[in-house]
Amino acid sequence: MNDMTPRTIFTPAPPRIIAERPAKVVAEGVNVHYGEKRAIHDLSISIPDKAVSAFIGPSGCGKSTFLRCINRMNDTIAGCRVTGRITVDGHDIHDRNLDVVQLRARVGMVFQKPNPFPKSIFENVAYGPRIHGLAKDKTDLERIVVESLKKAGLFEEVKDRMLQPGTGLSGGQQQRLCIARAIAVNPEIILMDEPCSALDPIATARIEELIHELKQNYCIVIVTHSMQQAARVSDLTAFFHLGNLIEVGDTDVMFTSPQDKKTQDYITGRFG
Amino acid sequence: MTRLLFAVSALAIAASPAFARDQIRIVGSSTVYPFTTAVAEAFGKATGMKTPVVESTGTGGGFKLFCEGVGENFPDFSNASRAIKKSEFETCAKNGVTDIVEIKVGFDGLTVASAASAPDVNFTKQQIFMALAKQVPDKDGKLVDNPYKMWNEIDPSLPAQKIEVLGPPPTSGTRDSFVELVMEKGAEAFDSLKAMKKEDAKAFEGVWKSIRTDGAYVEAGENDNLIVQKLEANPNAYGIFGFSFLEENEGKIKGAKIEGVAPSFETVSDASYKVARPLFIYAKKQHVGTVPGMAEFVAEYTSGKAMGDEGYLADKGLIPLPADQAGAAADVAKNMTTLTADKVM
Amino acid sequence: MSNNALVKKRYAAERRFKAYGLAAIGVTTAFLLFLILDIAIKAMPTFFVHEATLTVNVDPALIDAANPVAGDYLGLTKKALAAQFPDVTSRGDRKALNGILSAGAADGLQQRVLADPSLIGKDVTVPVALNSGADLYLKGYATAQLSDRQKAWLDALLEKGVISKGFAWNFLLNGDSREPELAGIKGALIGSVLTIIVTLALALPLGVAAALYLEEFAPKNWLTDVIEININNLAAVPSIIFGLLGLAVFLNIFGVPRSTPLVGGLVLALLVLPTIIIASRAALKSVPPSIKEAALGVGASHQQAVFHHVLPLAIPGILTGTILGVARALGETAPLLMIGMIAFIVDVPKGFTDAATVLPVQVFLWSDLPEQAFQSRTAATIILLLLVLFAFNALAIYLRKRFERRW
Amino acid sequence: MPDHIMKAYDDDLAALQSMLSTMGGLAEEQLARSVEALTRRDTKLADIVIHADDRIDQMERAVEEKAILTIAKRQPMAKDLRNIMVAIRIATDLERIGDLAKNVAKRSHAISDPIPRRLTSGLQRMGQLAQAQLKRVLDSFAAADSEQAMEVWRHDEDIDALYNSIFRELLTYMMEDPRMIGACTHLLFATKNIERIGDHATNIAENIYYLVHGQPIRDERPKKDDTATTPFSPLNND
């Protein structure tokens, strides 16, 4: 395929999940440049609400870059330029009137390596609500923290050591703490950048179960290197290659009968 | 932290414009420093006033600061191991420092010393010149690079030792005095050089001021204590330093006779030992009245218990003035007689 | 077989390398030990001092109760000493006898009487300081300051039990003096403390602010590159240059008073600023970017992310760098030369604008004085300075260990 | 399609493929022999066929094991996954074909009476037809050729039609000569078995289509076997 003519193939039929759920995030003609290098070519995609969308593709394909466009995390990288239109609930996220800090409160993010603040478990979760002024008082803040930890499935494990450092938890617990921290600011979208790549299979399974539960209430976008994980947790799968979005489809279809040969080769383990 | 920073900067601002000084400030020669500090301390104890602050800046540096102006930010006294130069006096005048009082306080002897275990020697200035000058006249009076390696090559009466002299570097005031008092006189002892002095004073100066650099003269740093230590370790070497160090380390080292006279309190004081220079303090008369204690300080300095033959400055190694000069100095101090341009060379 | 030989050779090379390393460490340690031992031995005489305990009659004829300050306390003390040797009568001998006393021999008596004027007219038993020559003689050092007769008197006093040996509190509690037995380092110590306070108060906030801006907020362009290079170069500029700068700017332009901890601190702040900036930047850089991203990810602004998370995590590193920088400043003499802190100052400074000197300068000043006893004071001061520097470095190490975090 | 990054994965898939082609060859042979045994009522040959069926059963189990192991080890996706699933299904089909052939062969023991040659010739023709279908579908599997597989799929109606005519013929025969009912019933079952073999061949063809295209065939297969739905009236026979 000629790289200069990016195109997106849909699996035989347009994805069912997009028909079923309203689109939460819509990208149209997005290009990302790092200095001279173009990292994403003319990308368009709709991401459904209350569902899990997975971005897969070989390293350096632009999936993380695009993920970080959704909460404008790329703004912090010097020399990174994003063009095109990305909307959340129909509002352009690059709108001058939209505050990036507010955007990031609405679009939470969980990173590859669990990165709790070197503070207590309580402080980790309380930080977001505190800076956004979400809690009326101390009891309210405690309620938010406990609820977030419960939603993240961590409360039972840490309820007796809320004041101990978050960095003392196991890797999987740390990652769930990070998810609780993201949930605490009441976001609508949760972006996860390879959230399980540093975790063992049991911890991974816990996170996947959590993702499965969270999709009832959130629009979740996950970047993963594990195709099995994408297959297990997602409803919609998008395959990226060399900065192009190659194929988007219902996960059920993508992993049994992808249309594009590149997708086929990638998910069957023939390149990557 | 921020508050502290604020406090400090506020202090700096508050302090700078109207800083009323109630403490005498003295700058100048490092040779005079040990004596002036002793006086300062005694003055502080006797009067209950703040003890003057004495900075050791060197004679030249002292005059530079001293002559910068009149006011609280400028020193009240300057120590000097030589008389004020005309150029310095003029700078002073230009900056409004017009009323300067010059007080001669004593002498400093320069000694050529060796370890106590070394043989006694008697140098002439000419011999020292021959040992240390970069270029010396040969038999025909022509200047050649210094050929002497051993003392007895210069004169058979001197010991058969390698010439090795430890002394101060060119930046030192002691070195300046040494070349003026010994090397210049030593050079003049040669007829050819004497003639040269008349014809070409500049070239002559070049000859006596240049000390050999082939290793016979070792620049041992400004610290005279260091030279004393090295002499103890090496009985073949000679060292050049102030008389007070000789006196303080009596028993370890001894001074060589120069022109037949050994350095001692008496010989320097009565001017029979020729390698000695006068020491001065200069007072800024315009500060008298503004800075408290100036008159008292000068009085303390010129008093018998400080500057006299048995005074504490003598204990510190200052060689007292002969009685007539001491009297004159006390008069100048009492009357605060200012220096006039015609007295400055 | 050849393989075996190769293995043997490899192990031999390893052993050799280890031996070289050990030898290098051994030589270094030996030099250091020699240096410290040498200084310590030279410093020994300073820490103990001999004093004569004399009973002085506070003669109201010499001490005017109305104005006790002006009294001739030294005369009284001399009389008390003479009472120990009734056979010494001639004027010259009396003078020689008095020669074993310190110029400050009567200081203790004066203080006692001033504190309690009712003592006037009574007998007071006080310790009396001997001069440094006498002290050295009693410690067993050769000294040229004393005549044989003086030595004999001292021996006699020692036999009578009048002379006792004690810790030299003078050295820690006095300001500078021209009399070695009276000279102490309190003035220099306080001067050092005051100077360092000014340095810290100025250099730490400025350095951290500069580092924060350069590391976190400054745009990356040629201007910031130039600034960065210059800061790095500044760290290598000879310290005397900062003294010249301080002279030109603080003294001549701003008219900050000379010889004061304020101006010394300002100059030293300039000196350590580059060090602090560089150390702080390194500390900030070593905070994993994931922490900042995490904060940004929950919607913290850039500034919040930096001040809430990055800076607190960098503080141990910043403190370590700062302490090392300050330790360097503490040992500096050269820049202070230019701004008049190399001076004879008797009074212990009471504030930032009092004339003061600092420990290394005190070493510099004393090392140049002719009196023998000052040599040992110099060594003792060096020991003290080394101790302070050790303490600073230990604090830096402690802070680093204490706050070291793993992520 | 390029090779997998992991070579052993390719080897696993190739092993499956070769096991299936061996199994296919065996099934073909069983079919041919069983028809021959029945037509010639060669009980010896029939015994050989019956005996050889164990081989096919064993191979089916082997294919299944290999497939499960490959799934467990490689977590196949997309075409690889379909490939393995299809392999299992084809193995099942082939095993059924083997069973049916065995059943046909068994009947040579049951028919003791001589039967007219014209009756066995129909059976023979049907056997040939089914054999051809099986061969083609196995070839198309080896080549992953969905077009050829579709050919097989469409031609199943030929077998169905032949079966219909043999069915009627045998019924007529039995009505004419009730003594022949026993033998004819056996023949009737045998032809039905061969017709079922044809159906399995079409199953395989459908699986090949799924393997290649990733989705099942959407059309209805043309059906010509109407013996189950057409009311039979020998009187109507013309």
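As written, the chain order gives the labels A, B, C and D, with residue 1 at the start of each chain.
Here is the rule we go by: contacts are C-beta pairs under 8 Å (C-beta built on N, C-alpha and C of every residue); 3 or more make two chains touch, one makes a residue touch a chain.
Note that this is a predicted model, so its numbers are computed, not measured.
Asker: Name the most central chain, where centre means the mean of Cα atoms.
Answerer: Per-chain C-alpha centroids compared to the overall one single out C.
Asker: If I average the CA coordinates per chain, which chain comes out farthest from chain A?
Answerer: B
Asker: Report the inter-chain centroid distance for chain A and chain C in whole angstrom, where each centroid is the mean of the CA atoms.
Answerer: Centre separation, chain A to chain C: 59 Å.
Asker: So, what's the distance in Å between the C-alpha centres of chain B and chain A?
Answerer: About 82 Å, centre to centre.
Asker: Please report how many Å separate the Cα centroid of chain B from that of chain C, as a whole number.
Answerer: The answer is 29 Å.
Asker: With chain centres defined as C-alpha means, what is the inter-centre distance between chain B and chain D in Å?
Answerer: Once rounded, the distance between the two centres reads 125 Å.
Asker: Hey, what residues on chain A touch two or more of the other chains?
Answerer: Expected reply: no residues.
Asker: Connecting every touching chain pair, does the picture come out as line, ring, star, complete or other?
Answerer: Chain contacts: open path, no cycle.
Asker: Okay, what are all the chain pairs that touch?
Answerer: Listed by label, chains in contact pair as A-C, A-D, B-C.
Asker: Provide the residue numbers of chain A that touch chain D in the complex, in ascending order.
Answerer: Spelled out, the residues of chain A in touch with chain D are 12, 227-228, 231, 255-258, 263-265, 267-272.
Asker: Inside the complex, what are the residues of chain D that reach chain A?
Answerer: Touching chain A from chain D are residues 1-6, 9, 74-82, 213-215.
Asker: Could you pull out which chain C residues touch chain B in their complex?
Answerer: 69, 95, 103, 142, 144-145, 177-179, 197-198, 201-202, 204-205, 251, 254-259, 262, 265-266, 340, 342-347, 352-353, 355, 365, 367-372, 375
Asker: Residues of chain C touching chain A in their complex?
Answerer: Interface residues on chain C, with respect to chain A: 219-220, 288, 290-302, 304, 308-309, 313, 405-407.
Asker: Under the stated contact criterion, what part of chain A meets chain C in this complex?
Answerer: Counting only chain A, the residues touching chain C are 71, 73, 76, 78, 101-105, 108-111, 113, 115-118, 127-128, 131-132, 167, 178, 181-182, 184-185.
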